[in-house]
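Have a look at this one.
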Amino acid sequence: MNRIGNLFNFTIWGQSHAPAIGVTIEGLPTGFRPDWDRLSAFLARRAPGKNDLSTSRREADKTEVLSGLNPDGICCGSPMTVLIWNTNTRAGDYDELRRIPRPGHADYTAYIKYGAGRDVPGGGQFSGRLTAPLCVAGGLALQLLAEHGVSIQARAAAIGGETDPEAMRHAVETAKAAGDSVGGIIECICEGVPAGLGDPMFDGMENRLAQVLFGIPAVKGVEFGAGFGAAALRGSENNDPFYYDETDAIRTKTNHAGGILGGITTGMPLVFRVAVKPTPSIGIEQDSVDLKAHTNTKLTVQGRHDPCIVPRAVPVVEAAAACAIYDAGKEAGAWI
Amino acid sequence: MNRIGNLFNFTIWGQSHAPAIGVTIEGLPTGFRPDWDRLSAFLARRAPGKNDLSTSRREADKTEVLSGLNPDGICCGSPMTVLIWNTNTRAGDYDELRRIPRPGHADYTAYIKYGAGRDVPGGGQFSGRLTAPLCVAGGLALQLLAEHGVSIQARAAAIGGETDPEAMRHAVETAKAAGDSVGGIIECICEGVPAGLGDPMFDGMENRLAQVLFGIPAVKGVEFGAGFGAAALRGSENNDPFYYDETDAIRTKTNHAGGILGGITTGMPLVFRVAVKPTPSIGIEQDSVDLKAHTNTKLTVQGRHDPCIVPRAVPVVEAAAACAIYDAGKEAGAWI
Amino acid sequence: MNRIGNLFNFTIWGQSHAPAIGVTIEGLPTGFRPDWDRLSAFLARRAPGKNDLSTSRREADKTEVLSGLNPDGICCGSPMTVLIWNTNTRAGDYDELRRIPRPGHADYTAYIKYGAGRDVPGGGQFSGRLTAPLCVAGGLALQLLAEHGVSIQARAAAIGGETDPEAMRHAVETAKAAGDSVGGIIECICEGVPAGLGDPMFDGMENRLAQVLFGIPAVKGVEFGAGFGAAALRGSENNDPFYYDETDAIRTKTNHAGGILGGITTGMPLVFRVAVKPTPSIGIEQDSVDLKAHTNTKLTVQGRHDPCIVPRAVPVVEAAAACAIYDAGKEAGAWI
Amino acid sequence: MNRIGNLFNFTIWGQSHAPAIGVTIEGLPTGFRPDWDRLSAFLARRAPGKNDLSTSRREADKTEVLSGLNPDGICCGSPMTVLIWNTNTRAGDYDELRRIPRPGHADYTAYIKYGAGRDVPGGGQFSGRLTAPLCVAGGLALQLLAEHGVSIQARAAAIGGETDPEAMRHAVETAKAAGDSVGGIIECICEGVPAGLGDPMFDGMENRLAQVLFGIPAVKGVEFGAGFGAAALRGSENNDPFYYDETDAIRTKTNHAGGILGGITTGMPLVFRVAVKPTPSIGIEQDSVDLKAHTNTKLTVQGRHDPCIVPRAVPVVEAAAACAIYDAGKEAGAWI
């Protein structure tokens, strides 16, 4: 359900307008002293309201640690629960949202699955806001990985079909002006990942990463290395030849495998891309249904919304990758 | 590790040249009578040696049921173990294979992870042959799903960059003639999947499907609905408008979501695509390393190999989808 | 680790002197409206300070719900996190406790497992206070079970070797006067449990119950039905003969099986007993070691302590049973 | 369900009269060469037909390894599947057994849970024969533990209420002569278990051991150290004082804790006892019901049966303990 991971695992909880959102983490190593300033800086990359292109909901994503630290601020072996209070809760009139599901949103499937009990305001548990606790878990995993020489860096590789930064920005502005939204592709490169992480078959690094990454709202595709492009290559082009480098380490001349063979890391950079669909909340009138009146109807989503969540999703992708890699490494005994 | 699923789960075991390969399945419903002829026909779609374009290893993939059935051939509530004997085992000289990892294969990562103890012949546990037991589990799940009106159909959507069937075939033949190989894209459409399957966040239908699909060797990408294409669309294009159809059922006019919103099925066809990399075993000389001599070397993979595994992977993709969907439906109480 | 259960599962977190303790629960049914007054009353049975025989730490165990409810106070399908603030934290001088492990406590094993990072004050994560969040999860499960006619009732069956209530009380008072403590046996009877809950082998009702019950600090034994007594019986005495009762329901004339055969409930009352060891914190001088000085030493545990935790553990046992039974029933489809 | 364990885990499958029974094991360390003669000797301790007091079904419990070994007989990192063929299958007339549940057996609960599909002959999946695959997994775990200085020794501590070996034997003979059966208590002592195994709360060593031990048919109670006896002790009697021994190791003067405090091993011998109920199959006429005729009836169980399974259960208890301890140690990094 809302939990993932084995020896390093966490459960994300909360809804957009509940008193709080948060995460409960098991498997942080005893003796680890989290750097909370660094975590705040990481969370700030995800936070809204940074510029004129993102949503106006300005909440600081200020974390509060409820458990897991000893009096000296050191992880004590107990599960760590971290919360972020929701300051903007339970207000407003959600009657329309309850009756008319927004196209492209989880409103309709929430209604199917949870019926009248579902939490409607702000998208409830399906809110993108739930990526903040994922960034808490991932931000801590990133700190732990850094101690072992692993760095994870994601970036917007395309937005609205454009790959040039200026063109990407223009695509967002144009969409915003039209009350519309755009999606994009995020590429993530993980350097320093030791060879040998991941297990064959269903617990390979690709399986583990995909399971976390598809937990980020709006992600509709995940590919590793050459990915879908590999499907058009020949074996002689796609295979990465091995060689001994000057330090007598085995490397590959290319990295179409994205650092993973047979589900297990090769020691080359782990590279993957995720497809992020355009934000479903748009200011343009759309067709929908009225669940109460049982009629077709029109809907114009009110309020201001991110015309593009790709930039804010970049640190979320890093967080997801960090969680999967730290957990796999823990199982492989890589962090001792 | 080699196990996946919750209320319907299975563990795949075996190696290419072990005495047998097989699967142990938990959660088959009591009272279900498997149709073994139908399963054989399904397995035959995956089997090698069907035509001049696939590998010459001809093993019938004949299944033998060891447990799970009562004397009347009905599932009794106990785990079902099904094996396929390996008739072609433990022969040959694998010294070169042990020393020189094949580019694009798991030979190197198996060496890193399992060291001298790894099972080398035929690729050991990383052999594509292990997809046969996956097809056993999936073939049974397909029979169960059919009872509930769910049908799953995959097809090769592209091979070697070509999408026309004749051009696909030509691409394989050309690659084969050159001792090379090609990859492709498999599209899978699941019809009749009830709305409401899957859970939010890490247990959504996308997460579940991706976790099984990346367990198929050579899969390097998974996308749902418009997938990576959605990244270039605007929200107004990508959002699927809801409407009441003539039977008063809620449907969407388009299906860019691939039948999944917020990780939960919408009741529209569940559509996804997987990227299959070109078979790494090719007859062309490649660069590699000699793990024993610690030198760079050349390798020409001996024997005949599939120039393209995409056609044989089509039923495997169906099997994987069936397992994930049947399990999710079981949790959602959809098959009662 | 700190999580248990399948379709109804929860993670307990917190330490004695952390900012808070709490529980994150998955699988509460959508539409369920918890009765918080009833939960408070249940928690009050566990709370300390009720009489002159229990510890003087008086904290109200006041719960605060952070997530999982919709604006109408109804379970919405999202994980529910409930916390209890620790009002009595981070004070005091724990230097002696850090150096000298209390006999019978987890101080020593916490030191072995978590080293210098362990949380010492109040026993950290090993504090009996962590049974409060277990009572939150269990208290909610009890409300759900009650809707389906299941009632769970535990009682102190023996204290300090005495089985008569007056003698039990006397045993506690005598021990208290001596600065000592006593243990006891708690018997729990679960009525209305449907037949068919539990799975064979490792997921039987006995396995499930034992796994939760041994999570209660001080529990050192669990037995079902005739339990250890059955070991001295003959088959002809211990077997429970079946018969059709006046309503044509199958029952057994005796219930030595404690309502469980082959790990699966029979429909007869589910009966078990747990052994609770005497509170290890006593006012009498004991032998121990000084971990810093590496010498043998003497220890007299300071402060007031429960001379007997059995009465306070009674609702905890009920909570544990409720969690296991509700989860097993959910898997068996018993609560639909 | 039929699977247990984390990093070392296994699934037991098969029924009394299916073609085979067996076990699929994940997490055997690569490079380990099982000693199959030693395993056979271990299995022989569990096998029936050793003397005039046990059942006459004489099957050799000959194991056949299907997967998990490389050509040199070394564990290769892949799951190991081991089967035992059932030579005595599918014969006989089970009509009475299908209609009339044996008191004390799982016949009735199997009927409730699995209905008409259940496997009746020989008790199906509830047969004590399924302890043979548990002994395969446990026998291998015992070999691995021995490499790390851990030894596990169980013994019949009581049979039919008697604790003297001669009196125990007499109790069995007397019961047998009467067509009756007796139960008993098995005590198990695990020496050399490192301190620090097990996790707090629900994954403590007591929880883990209990979850496996209650998977052994007929086990109705589990206690650790002083167990139920501790319930009658005072804290000053039950607490085990710490001291530094002559090698400067911390030990306890007594071991009422059975080597476990707070769920974590102390380094002292791990000691537990299980209660085994008398074999339910007896030659004496008993009351039962006819499920088909819906009437009360009498039943006399035909065939020869063990008048006491305690001696045969002794190695099964050792196997169960070995599995739990090896798995916990693997998680704690104790076997590196």
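Letters A, B, C and D mark the chains in the order given here, with residues in each chain numbered from 1 onward.
In this section, a contact is a pair of C-beta atoms (placed from the backbone, for glycine too) under 8 Å apart; a residue touches a chain by one contact, two chains touch by 3 or more.
Note that the coordinates shown come from a computational prediction; the quantities given were computed from them, not determined experimentally.
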Strictly by the touch rule at the top, which chains does subunit B share as contacts with subunit C? A, D
Between A-C and C-D, the pair joined by more C-beta contacts: C-D
So, in whole Å, the Cα centroid of subunit C is separated from that of subunit D by 26
Can you check how far apart subunit A and subunit D are, centre to centre, with Cα atoms defining each centre and the answer in Å? 45
Subunit A and subunit C, separation of their C-alpha mean positions in angstrom: 37
Which positions in subunit B touch two or more other chains at once? 1-3, 12, 78, 110, 113, 125, 200
Could you please specify the touching residues of subunit A with respect to subunit B in the complex? 1-4, 12, 101, 103-106, 108-110, 112-113, 125-126, 130, 158, 160-161, 175, 178, 180-185, 195-196, 199-204, 206-207, 210-212, 214-215, 217, 219-244, 248, 250, 252-253, 256-258, 261-267, 275-282, 284, 286-289, 294-296, 332
Per the touch rule above, subunit B residues touching subunit D in the complex are 1-3, 11-15, 17-22, 24, 26-27, 30-32, 64-71, 74-81, 83, 90, 110, 113-121, 124-125
Note which residues of subunit C are touching subunit B in the complex, please. 6-7, 77-78, 200, 331, 333, 336
